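By written order: A, B, C and D. Residues from 1 in each chain.
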Amino acid sequence: MRKISVGILGATGMVGQNYISLLEGHPWFEVSYVAASPRSAGQKYKDAVKGRWHLTADMPAHLADLVVGDANDVSAAVGKCDFVFSALEMAKDEIRALENAYAAADIGVVSNASAHRGTVNVPMLITEINPHHLDLIPAQRAANGWKKGFVVVKPNCSIQSYMMPLFALQRAGFPVSRLIVSTMQAVSGAGYPGVPSLDMIDNVVPYIGGEEEKSESEPSKIFGRVEGGVIVNDTSIKISAHCNRVPVSDGHTACVSLEFAAKKPGIEEIIAIWEAFRSVPQELGLPSAPERPIIYRREEGRPQPNKDRDAGHGMAVSVGRLRPCPVFDIRFVGLSHNTNRGAAGGGILNAELLKARGCLG
Amino acid sequence: MRKISVGILGATGMVGQNYISLLEGHPWFEVSYVAASPRSAGQKYKDAVKGRWHLTADMPAHLADLVVGDANDVSAAVGKCDFVFSALEMAKDEIRALENAYAAADIGVVSNASAHRGTVNVPMLITEINPHHLDLIPAQRAANGWKKGFVVVKPNCSIQSYMMPLFALQRAGFPVSRLIVSTMQAVSGAGYPGVPSLDMIDNVVPYIGGEEEKSESEPSKIFGRVEGGVIVNDTSIKISAHCNRVPVSDGHTACVSLEFAAKKPGIEEIIAIWEAFRSVPQELGLPSAPERPIIYRREEGRPQPNKDRDAGHGMAVSVGRLRPCPVFDIRFVGLSHNTNRGAAGGGILNAELLKARGCLG
Amino acid sequence: MRKISVGILGATGMVGQNYISLLEGHPWFEVSYVAASPRSAGQKYKDAVKGRWHLTADMPAHLADLVVGDANDVSAAVGKCDFVFSALEMAKDEIRALENAYAAADIGVVSNASAHRGTVNVPMLITEINPHHLDLIPAQRAANGWKKGFVVVKPNCSIQSYMMPLFALQRAGFPVSRLIVSTMQAVSGAGYPGVPSLDMIDNVVPYIGGEEEKSESEPSKIFGRVEGGVIVNDTSIKISAHCNRVPVSDGHTACVSLEFAAKKPGIEEIIAIWEAFRSVPQELGLPSAPERPIIYRREEGRPQPNKDRDAGHGMAVSVGRLRPCPVFDIRFVGLSHNTNRGAAGGGILNAELLKARGCLG
Amino acid sequence: MRKISVGILGATGMVGQNYISLLEGHPWFEVSYVAASPRSAGQKYKDAVKGRWHLTADMPAHLADLVVGDANDVSAAVGKCDFVFSALEMAKDEIRALENAYAAADIGVVSNASAHRGTVNVPMLITEINPHHLDLIPAQRAANGWKKGFVVVKPNCSIQSYMMPLFALQRAGFPVSRLIVSTMQAVSGAGYPGVPSLDMIDNVVPYIGGEEEKSESEPSKIFGRVEGGVIVNDTSIKISAHCNRVPVSDGHTACVSLEFAAKKPGIEEIIAIWEAFRSVPQELGLPSAPERPIIYRREEGRPQPNKDRDAGHGMAVSVGRLRPCPVFDIRFVGLSHNTNRGAAGGGILNAELLKARGCLG
């Protein structure tokens, strides 16, 4: 099978580098185009990221000499790739316009940027939760006058560690009405250079700009229904998020207390629901789908970032400490890898679903 | 004025060392006796803590040659000190029995141990909140047949960062009904050697044995009323605590969401209440009382452990990020120094209140 | 091919756990016996390490129910394994006696303990440097009256990051006369619980008990020659080691300045020597041998623990910053994974060489 | 006594903030003028550093409303201050020109910048070592045509932890010929935002741009002699420096091996020399001079950053682990506070010496 050609916008940043690293050896996709800001354009990829390649894995040799394109120049990508992963870092308005321009040029956009998350006909995908939101693509194309292009986004990395456990409960017949969550988020979520080390040595920072707002609003869209060519948000869950930055490289941890709207499952019943949870990516056998999307850890004091972030190749959510909550009904700890499932890995899984659904060609 | 002679039980441990360091130059108290386990007994203090003195400040020279007594031998303390700070580390039953034995020998006990926290006629003091619980001392003495002895304890360090802000609101006429808190606690709370560094490098541990139970039950006693020679707990606030260990040396941080029982004050009203809050220790001018017990920080992202833990010489609570809560009414971040206000400093302040109330002699 | 049965002494400790994890799926060896202190003996392995399993990888399921033997009872191992990896933690005298007892019972010992490092007829192996020291085995057996048993040890983890680069230069005709090294060592080198986090948050500790002595004496034996049934140390290199503990989980870094005894190679010549370096394990294609034992990094500021420790599956040494030394001749930075190449991985590679040399059966 | 008016150039950066904090309550100096880049000029100081005030101590209230001047505009400083501390961050050429311009305007410059370190008639002061270099000031003024102005600099923070111990030995009659040092440097040395936390969590970086060159060349000037209106460098010591960045907030640690040129003192003799060491700042009773400039710690594993950096109010050098070196003669560990003695504190002490020597007015 000929592999699908992939471009990466914002290829020199941290998320872009993660895409390049994770796509190495991918069975369906191969990177054929990299683009970044005009400052990097024209240089070989290896030169453009010199001194800024931050991954443990070495840069794939066959990409080192690829010449970086100007991400603002859509025409440069035409013919070079079938779709792009967008890890652009610009003003939101500019990103929206640029992602639309790629779509208009028949180049689908699988985006990590937050610019289009609020656009009512843009699916915000967590593949295990709302794969049916891809049904919007025809309406999206019609509304924009695009033929083959599309824009699909992923939600903020901060909510990945509890959205799937939450959804599994709702799907099993236990809708949730209220949720208070406190996160301890890894510094890689802020990119590179990102968080200064003077703020992270012997310290935590109980604030991440914009993160609480995203954490509280995005679930409504993800749990929304498709109707009339747009997503109608589900506002049945009230969420309060406290977002904290802690001295951890990768892996966001969340402490969740929640209240059920009606029926209240027992502790072991919930664990059974989580351990049995499978969804569309598993059924379709998507290459990056974790075999077990939710891994429940019975050990005291788990999950922990340095022990559990790589579960399911960094694509599974690890959960532990499920116990009754004296204020609401239950509480637990969730953890997911923010730069893998929460960023590039999640984007790749989105693209795999798009491919399986026939949206990529 | 002749200073009051003080003994320290458990003097070689981390809390004991903190007592010794904080009492250096104290205007009312002077350390005249140190005791520890039989293993240390008989050695000079400097030899007993050799290789285990963990404070920045050097050991006070005049205590270095003090011979360590056996904490189990109450008679050894008689005549050497007027009262003791107990930082004993043993089984709870043993601590209870031993603290009682000191009290029976006319040596008052100001304890950091948790053993007596559940005893109904033992005050669990936060000096700004429940100084009137000292009214129990006569009843306590009567019930036990003690003449001059007593036992007073302090609560767990994990709740210090939000109990005072909570109390200030309740005292101002805004009782609280429900509270969900997630803490990020410093490793010094576990003593020395305490938490292994392999668990704290690039990691957080979302579990501290016994800490959530204490955090949820102790406020009831602190807010309780004295009646019939015992404390009758106030169970009007429901609390859910998520306790986490993070790579911070000193300073516990708490993210709090809470619901008011009736009237709901506005944001600026609350800040004004907190900034104006003063209580008995301030009115009495106790030497260790912070001038402003609650310090509100308006900067984004404060309070933070490495910037705020030493506020008010480590005795003030720093609060910030007060904002509406989408689920309950308000939310905020609190921070206090766990080994100072939360341990030895809090114990010393308790003793100062006892002195001011005439309980020490 | 039937796999060779392996026992692990000290299987519940950190090095023991690493052995178990690294041997999972090994092409030649399979773990058939685990032993530890009498305290753990009789329990299932999963119960004996409960709350102390510190690896990211889950415990291999097929070993979880293995009953732990008493490491002091040699007879319990007989018939259960062909040889053992020793990660015993006891007094040196006891370890020496016990390792000898296993050898006397026809069970070869590949040891991580330091007890036998000074024994003149016990090879201290770094497989790429002194594989010929295995020639001692017949003499060792004869001297002890052993038939099939043997004892082979590995050196301290602190020297692994520069011994191979040093040896490569000496083998290429550039003997070294003097070397001053300063290490920054990971906390995993001290096992678990090991280094208290209070000593590693916002701190370094410029001292590791016994480490400098080992670092200065062990190279003499490794570079020694076999003569008359013993190793005669090579004392031609003078070494001064400064050993420091830093807040790094895995990966020891070393800053080396060295002086050549005679000829002085140029910078690019040295890099070429290192990059071309291959030795017996590579020639034999041993399963755990890194393809390139020495990896030279040309980037500024490399090697670094979190980026380079896993090079060559944690078995390669990464080197960088080769430059002239204003005092001696050259200086560079070396890095190796202390619990992989420096401990269990190195032990397994030693066993693979023993197998290839016919010493295991 | 009227206090001397002080200006701070680069007042909004980390070093500038440290100056402001350390000068609070200074007996001789008071901050009367703050200047920074044109971007900050015209704002109140509190607004210019908003979100960037990084110290534990709150900003002095009386400076909060001071309007920030443009550091490039020398005339704005005239009449507002008697001399300035320069913590400018610009190209070296620009700094040199600007510092000269202040001097030409009769405003003395006590600089933390490296720009003038190589200028032959600019003293590079460590007050305990080369106070006599101030004898150059008249020649400096004459050469530049300045009346009251001057430029004095301090050396790099990386060498502070061993220069004083080294000098004490030389002054006592034990000249040193060769020295190899490996440093573990705190992140505050790189300012704010400085070192990204992704490089400091579970990591060390064995490289700091330009630091090794400075460490190797600056001692020559500090030990130099004044002759013919310039400093003639002393090149009798050969130095090799390995500079590393470690996850420590404040406090540079150095591991030193050194060789004596002639006579070799014994271990206890050296300790006695260090403990007895006093120099001009102590004799003059300068306000910021540490009572004991060198503090020897006999405990195993000391000095350590989090325990010793604040010794002597952050102005003393802590030394430990003195022992024979198998390659050279002796080795030891030195530690000093890089943002206090190594930056702003050192600058203030320089100014105090200038005042005592009559150079300030």
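What we mean here is this: a residue touches a chain if its C-beta (ideal position, glycine included) is under 8 Å from a C-beta of that chain, and two chains touch if they have at least 3 such contacts.
Everything numeric here is computed off the predicted structure, so don't read it as measured data.
Of the two interfaces, A-C and A-B, the higher number of touching C-beta pairs belongs to A-B. Greatest Cα centroid separation from subunit D: this falls to A. Once the centre of each chain is set as its mean CA position, subunit A and subunit C turn out to be 41 Å apart. Averaged C-alpha coordinates put the centre of subunit A at 47 Å from the centre of subunit D.
Once the centre of each chain is set as its mean CA position, subunit A and subunit B turn out to be 43 Å apart. Residues of subunit D in contact with at least two other chains: 54, 199, 201-202, 247-249, 300, 306-307. The residues of subunit A lying in touch with subunit D in their complex are 54, 187-188, 192-202, 247-249. For subunit A in complex with subunit B, the residues that touch the partner chain are 178-180, 182, 184, 199, 201-207, 209, 216, 238-240, 242, 244, 246-249, 253, 255, 257, 300-307, 320-321, 325-328, 331, 333. Touching subunit C in their complex are the following residues of subunit A: 51, 54-56, 201-202, 249, 299-300, 306-308, 310.
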